[in-house]
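I have a structure I would like to understand better, so I am pasting it below and will then ask my questions one at a time.
By written order: A, B, C, D and E. Residues from 1 in each chain.
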Amino acid sequence: MFPRPIEKSTPAARVAYKTLLPVALLFWLLPLLAVAVFSVKPDADFTSGNYWGWPSSFEALNNYGKVFFASDMPRYLLNSVLITVPTVIGAVALSTMTGFALGIYKFRGNLLIFFMFIAGNFVPFQILMVPVRDLTLEMGLYNTKTGLVLFHIAFQTGFCTLFMRNFIRALPFELIEAARVEGVSEIRIFRYVVLPLMRPAIAALSVLIFTFIWNDYFWAVVLTQGAESQPVTAGITSFNAQYRAAYHLMSAGSIVAALPPVLMFFLMQRHFIAGLTLGAVK
Amino acid sequence: MGAFRRAPPHHRHRGVRLGAPCPWIGPVQVQTLPKRGFWARNQRRLAPWLFLAPGIAFFLVYVILPVFQSFNLSLYEWDGLGAKEYLGLRNYEDLYWEFVDRDAFFISLKNNLIWLFLYLLAIPGGLFIALFLNQNVWGIRLYKSLFFFPFVISQVVVGLVFAWFYDPAFGLLNVALGWIGLGPINVLGDENLVTYGIIAAGLWPQTAYCMILYLTGLNAVDPEQIEAGRLDGAKGLRMLWHIILPQLRPATFIAFVVTIIGALRSFDLISIMTQGGPFGSSRVLAFYMFEVALSEYGFRMGYGAAIAVVLFLIMLCFIAYFLWSMWREEKGH
Amino acid sequence: ELTGDLKIFLDTSNPAPRATMEKMIADFQEAHPDLNIETTVIDREAYKTQIRNFLTANAPDVANWYAANRMKPFVDAGLFEDVSDLWAEAEIADNLASTKGAMTIDGKQWGVPYTYYQWGVYYRKDIYDDLGLSEPTDWDSFKANCQAIVDSGKACFTIGTKYLWTAGGWFDYLNMRTNGFDFHMALAAGEVSWEDERVKQTFANWRELIDMGAFIDNHQTYSWQEALPFMVQGDAAGYLMGNFAVAPLREAGLTDDQLDFYQFPAINPDVELAEDAPTDTFHIPANATNKEAAREFLRFVVSADVQTEINNGKNLGQLPVNAASMVDDDKFLNEGFKMLSSNSPGGVAQFWDRDAPAEMAKVSMEGFQEFMVKPDNLDRILAKLERARQRIYK
Amino acid sequence: MTGLILNGAIKRYGEVQVIHGIDLTIDHGEFCVFVGPSGCGKSTLLRMIAGLEETSDGTIHIGARDVTQLDPAERGVSMVFQTYALYPHMTVAENMGFGLKMNGVPRAEIKQKVSEAARILKLDEYLSRKPKALSGGQRQRVAIGRAIVRGPEVFLFDEPLSNLDAELRVEMRVEIARLHQEIGATMIYVTHDQVEAMTLADKIVVLRAGRIEQVGAPLDLYRDPDNKFVAGFIGSPSMNFLDGQIEGEGKVAVPALSRSISVPASLCSGTGAVTVGLRPEHLELDQSGSDAVVELTEALGGVSYAHLVCAGGEKMIVEERGDHRTRVGDRVAVRFDPARAMLFDAKTEARLR
Amino acid sequence: MTGLILNGAIKRYGEVQVIHGIDLTIDHGEFCVFVGPSGCGKSTLLRMIAGLEETSDGTIHIGARDVTQLDPAERGVSMVFQTYALYPHMTVAENMGFGLKMNGVPRAEIKQKVSEAARILKLDEYLSRKPKALSGGQRQRVAIGRAIVRGPEVFLFDEPLSNLDAELRVEMRVEIARLHQEIGATMIYVTHDQVEAMTLADKIVVLRAGRIEQVGAPLDLYRDPDNKFVAGFIGSPSMNFLDGQIEGEGKVAVPALSRSISVPASLCSGTGAVTVGLRPEHLELDQSGSDAVVELTEALGGVSYAHLVCAGGEKMIVEERGDHRTRVGDRVAVRFDPARAMLFDAKTEARLR
């Protein structure tokens, strides 16, 4: 392990390290903590200029109550869920299949197709903006969640394929050969041998995609408008406008918007980090 | 799909009984000799295409074709409503003049370069934090996750938070500057500072990302090599430089790629924090193109496409580099 | 008798205007019970881009929008119905004459207005009283007032230029007062060079204010709403803004005793006063299916009674477009109405970003913002705008 | 009968040919071992038989059927992989029954066959465990069980024991021998372990660079190799090779030992360079001479190996048993029964006999 | 002199103690091998000597210096790892010279030392290659070269050959023995391979569960083990153990062979259960008897092993040489020289002598 394990150094160094950790963390998360504190402050603190002091009273219930019951926030949150969940399912489904095909079979053009997915994944997505918007319009899906979902699925398939293919590559190929010798058809090999083994990858990827999509702003702005279909990232900006300088409500709103991916991250932390390792560093 | 169905029972156990029945497990038939339908004969050749079809279809329609459509569109003038007017390379010529005149395009390009270089600071930053956190004390896992936190939050929220942080009237930055006796500065309102201010905001989550990449990389460092290094008398920074960093190359590579791409794609933060202002001085290509093509005063689709094409060409260098190194690795196997 | 479907798209998404519109449509429905009216309200900002889609894809029968240059792209693309026939009808021809210009392109009319509002200086009367100041009547008293306010440690004007257009309002007034309405319109139409001496004079006047410290600091980081608290808290004494600013200012606690309004005073005594009065409009998309009902609806909207009703203080709180309507008994509406109807001989402009083509508006407003922060850059800014003009108005 | 016949089997990867026309007959019930140095094509040949690699040319018959073009599943073979290739997400029972299940065999029948195989392999207790809860040897047994369950005509093993540690390897080797005795099926077994090959095989196939060097029973190869390669490959420690020169008349000069040895005259037609092969276990040392110096001794307890350097620098290894052992630095004479020496043509490396 | 002395060396991981007070002296220039079953603490002990693990208690002296608290780099030791631990991004020359470079040795001197080591290890041609372009054996040589270059007083090897295949292992083993002769430094070598231990060691240290079972020269351990554990551990195939019962008067009944054997009376004090140890190479078979049935034979060429099952079900292995070999199913008598049998206390497992 590098650097040298701290347990092996002097007790003084150990204590120093252990005190430094929370201090460093505090600094690192300072902006966020500020928002968290903002979100429980009363309106009056802002008019009286008490931005950075201790809240004069705790208005968490009040502020969050307003966010949930007196704004479009719930609507936006629901939209986000309705956009994110189908996208995750779709992208993961498509990419397990492409990853399987590219990881297992040797055929002409394999690497070419694989590279197509990778290159597409790294394309600056702005270049897709106008044509995709037109395409969505033509399909009558402009300003619908479906339109957004379809695009997200397609675009994420690039990254997911890279991820899944590398994962499948790392599976022992003998497993597939063993199944072939036993007379299992290719589709059943996928279903009964490979798919169960990909569970960790699927979990990791789902978490990753969830955060990507949940946090997407650009495409939300390009392909949707208005509360009936926009996700929370876009919603929060109009929430912003709606509440002008009501920092306490904006903070509460931001926190609410950030919460689902954060929760997801904490619940699935292991998968998330594993996912990064599997898909990225490899 | 007929080929998928299992062969009918009489076929299935037609079971040519070849050779001696294997006495140890009772009579054994050669399992199945189904009629070799088209699918059965060709499944290994067809299966990959079957699995690829939906993915490729989606990807072609939504990603690959649009790239070419954008190339095409950049040769036209089009406001999204009426007929397209063919211009040839006029859009690019205009971009050229904007560049020469140091107009919006020049500023965007310049800012993009600043983004590219400064964003790379996330890599050493991430490495530093990763080294700091790569210990085994109680609760370290929680610390690691909390340090990773900024990456999970939407850039929209990050943008808002930093905008408040920089707020000239009450922002924490100016409060802090006040403590050390420096005058208030309006980071987002100063055309010389604004880009750096936004980049700093962007570095926050990006550093977290690089940190996690390095943490996983450090996990994979071969402990025996560290021990060999210790026997060889390498310590501290020399150990880091000679033994650890070379082993972190895969992590560095990925960090480099995602950071470059993140820098070139930067849109959310600018859009949230400044809308490209003040007076357009914080624009980058990605934002400029959105502004030109889809914002309230925009709808010059062709021109926007031309900007996107330029951005794409820059990115193409990196994509090519990435593919090239992947290709080398694939061949290496 | 009208039958069939009538699809109406609205951008009046804020609660009050939304209720007003829904009430008005309900009244129309009552008069035409066999008509099947379907109303869709879209977020105001979203509407601006979405209109491009629905006008081509699935057009409603009626849609609202803005006058002047703002409707030009759709007129040019043939997406709005020519409603000159309506304007030929006596009722409309007589009572809506003042807004006819704003609805006219190529000599034809493409829609009808339903409301408009004045611009001008809203100010803290209590502060003026404290400092012993009164409403200025000319450029010198305007500056003198301002100097007095600045000397008292406040800013004369709050403004938030993050989204640029607020700077456009200042330019409108300074330019119209310096060079007159016609010159202003010619500039918007790209007929005058930005490096013209007259334009420079406008900026020279503006610079006097800037150098004086008339505007709040860091305005480039605020939106127009974020600039309101400066006025509310008394750090700034005035705000050049549209009448829609009144509602939030009142909401924030300013009473009608504290808040007052004056017309932007003359600068060049040789030019006639002209005002900004942005007009909101209704149009019939060219692809509409029930144009007959749509025309009837437009007639209904501009009729005197309806205008009185929807523009009153409880509803839109703005000015009716029909000369035969009553202006609600609101201090600011009354002042505004008086100003527009009797003290705006030079003409009525829509607003810079509606009068100039979008692209020019964007570039120029960015220049205005830069100028307000860095007045020394003026020559560079004007050179840039001139280049843009040459490119944009081919 | 379900033997196996390869007829001119050839494998090419693109331009490169790695199997150069193998002709081989394996009888029903025979235990055939492929040995050869790494990269010689053992695995490739086995995989061609399994159908996992396409055969570029030639034919493969299993029993009476030409299976060259068939899918692996239709060939009636089972394969045991070096890495076991157990499905980690299935229990032992599911692993063993998976192939049957996928082929629509009724559940009761699967169950019966699996428990029968488990009994044979003493896996009964582990049927509901997942592979990762098993030791290496148990996993290997499951892999074999999976092969058994399908009741194939031919079993294929690709270095099945090389992932086990030394002790377990010995144990499982005995197990496999017992299994072959018990079920009597045809088995083809790839290994590069001398001992496995010698102890398990009915017939050893020695491969080199995609060609068969010799086929035969283990002791036949040991006693009567066809060429220098096989002689050197079979037997451990390896046979010592010394350069020799035919002096005619059944005499071969061996400069390393500075003497000539007599061999049957029939072997020495004409003159020419030969290689003399002497197995370590057929040599004896004698302190009275000075053919060579002991450079190193390796004492393993019951046996030790003396590494000698001859006058000319040639190296030899001699096995010593009993209580008297030489020591490093001793000068020794090397004695042997000339009848046990083998002669090889120095150029073609073919055995002279 | 630069021998090595361990004095009550103890290692604890938290609560768990894994090395229980080792006292051991290794002389200068000695080749000392640690053997023992997996997990007995061989690697831990070696790493404590290297300084890679802290010593929880006790002291370690190298030469006259107490190094217990020193950094690895300061102890004058070099280590060769099982996985080689070559720096993949450096060339062979850089790998070998890295330690010197870190210690500020002038470049010319590094170069000279590296090429000297390369010469000894025959690596000259590969100096500018990266490790991944080398074969396993070459990598192992580079790892050794890296250790040599620093000219340490003590070399430490942790199973350096276990990642090589059988053939290379033999080759490298001889290489290491030669190296030891050539440079004469103190070497400590961990392995679980019998043959390596027997052939390389001047002194073998047999460890079990963090304690030393016996220390001695290889053949001493083979001939004169202190207890059943060492007896069973040293020698391959393992010693056969049969239950016995002292009948007094120098007689031990061995039910498995249904007879008694005579042993020196001094060994049989009182009555009680003993274990009789018989090495496979000390047994002979005789077709004339029926002590046991041959269950399996493994013919390796010069030698074969007969696996016997005695009447009571006990198993034995017997080594056979020469031309006459038994066959499976034969009923045989087992003969041996009773003087070669060893007796162990059935309870304490200590050798009775």
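Methods note: a contact is a pair of C-beta atoms (placed from the backbone, for glycine too) under 8 Å apart; a residue touches a chain by one contact, two chains touch by 3 or more.
From a predicted model like this one, the values you see are computed outputs, not experimental measurements.
Shared contact partners of chain B and chain C comprise A. For the copy pair chain D and chain E, the superposing rotation over Cα atoms measures out at 175 degrees to the nearest 5. Annotation: A-B is the more contact-rich of the chain pairs A-D and A-B, by number of C-beta pairs in contact. Distance from the chain B centre to the chain E centre is 53 Å, each centre being the mean of its Cα atoms. Mean C-alpha positions place chain A and chain B at a centre distance of 13 Å. Chain D and chain E have centres, each the mean of its CA atoms, that are 27 Å apart. Touching two or more other chains at once are residues 45, 49 of chain C. Across the assembly, chain A contributes residues 183, 185 that each touch 2 or more other chains.
For chain B, residues that reach two or more other chains under the stated contact definition are 31-32, 40, 243, 294. Chain E contributes residues 165-166, 170, 174, 177-178, 192-195, 198-199, 218-219, 222, 234-237, 279-282, 296, 298-303, 307, 319, 321 to its touches with chain D in the complex.
For chain A in complex with chain D, the residues that touch the partner chain are 172, 174-175, 177-185, 188, 192-193, 196-197, 199. Listed in rising order, the residues of chain C touching chain A in the complex are 42-43, 45-47, 49-50, 53, 57, 223, 225-226, 228-229, 233, 248. Contact residues on chain E toward chain B in their complex (touch as defined above): 50-52, 71-73, 77-79, 81-83, 85, 87-89, 98-99, 102-103, 146, 150. Taken together, the chain A residues at the contact with chain B in this complex read 1-3, 5-7, 14, 17-18, 21, 24-25, 28-32, 34-35, 38, 49, 51-52, 94-95, 97-98, 100-102, 104-105, 107, 110-111, 113, 115-120, 122-133, 135, 150-151, 153-155, 157-158, 161, 183, 185-187, 190, 211, 214-215, 217-218, 221-222, 233-234, 236-237, 240, 247, 250, 254, 257-258, 261-262, 265-266, 269, 273, 276-277, 280-282.
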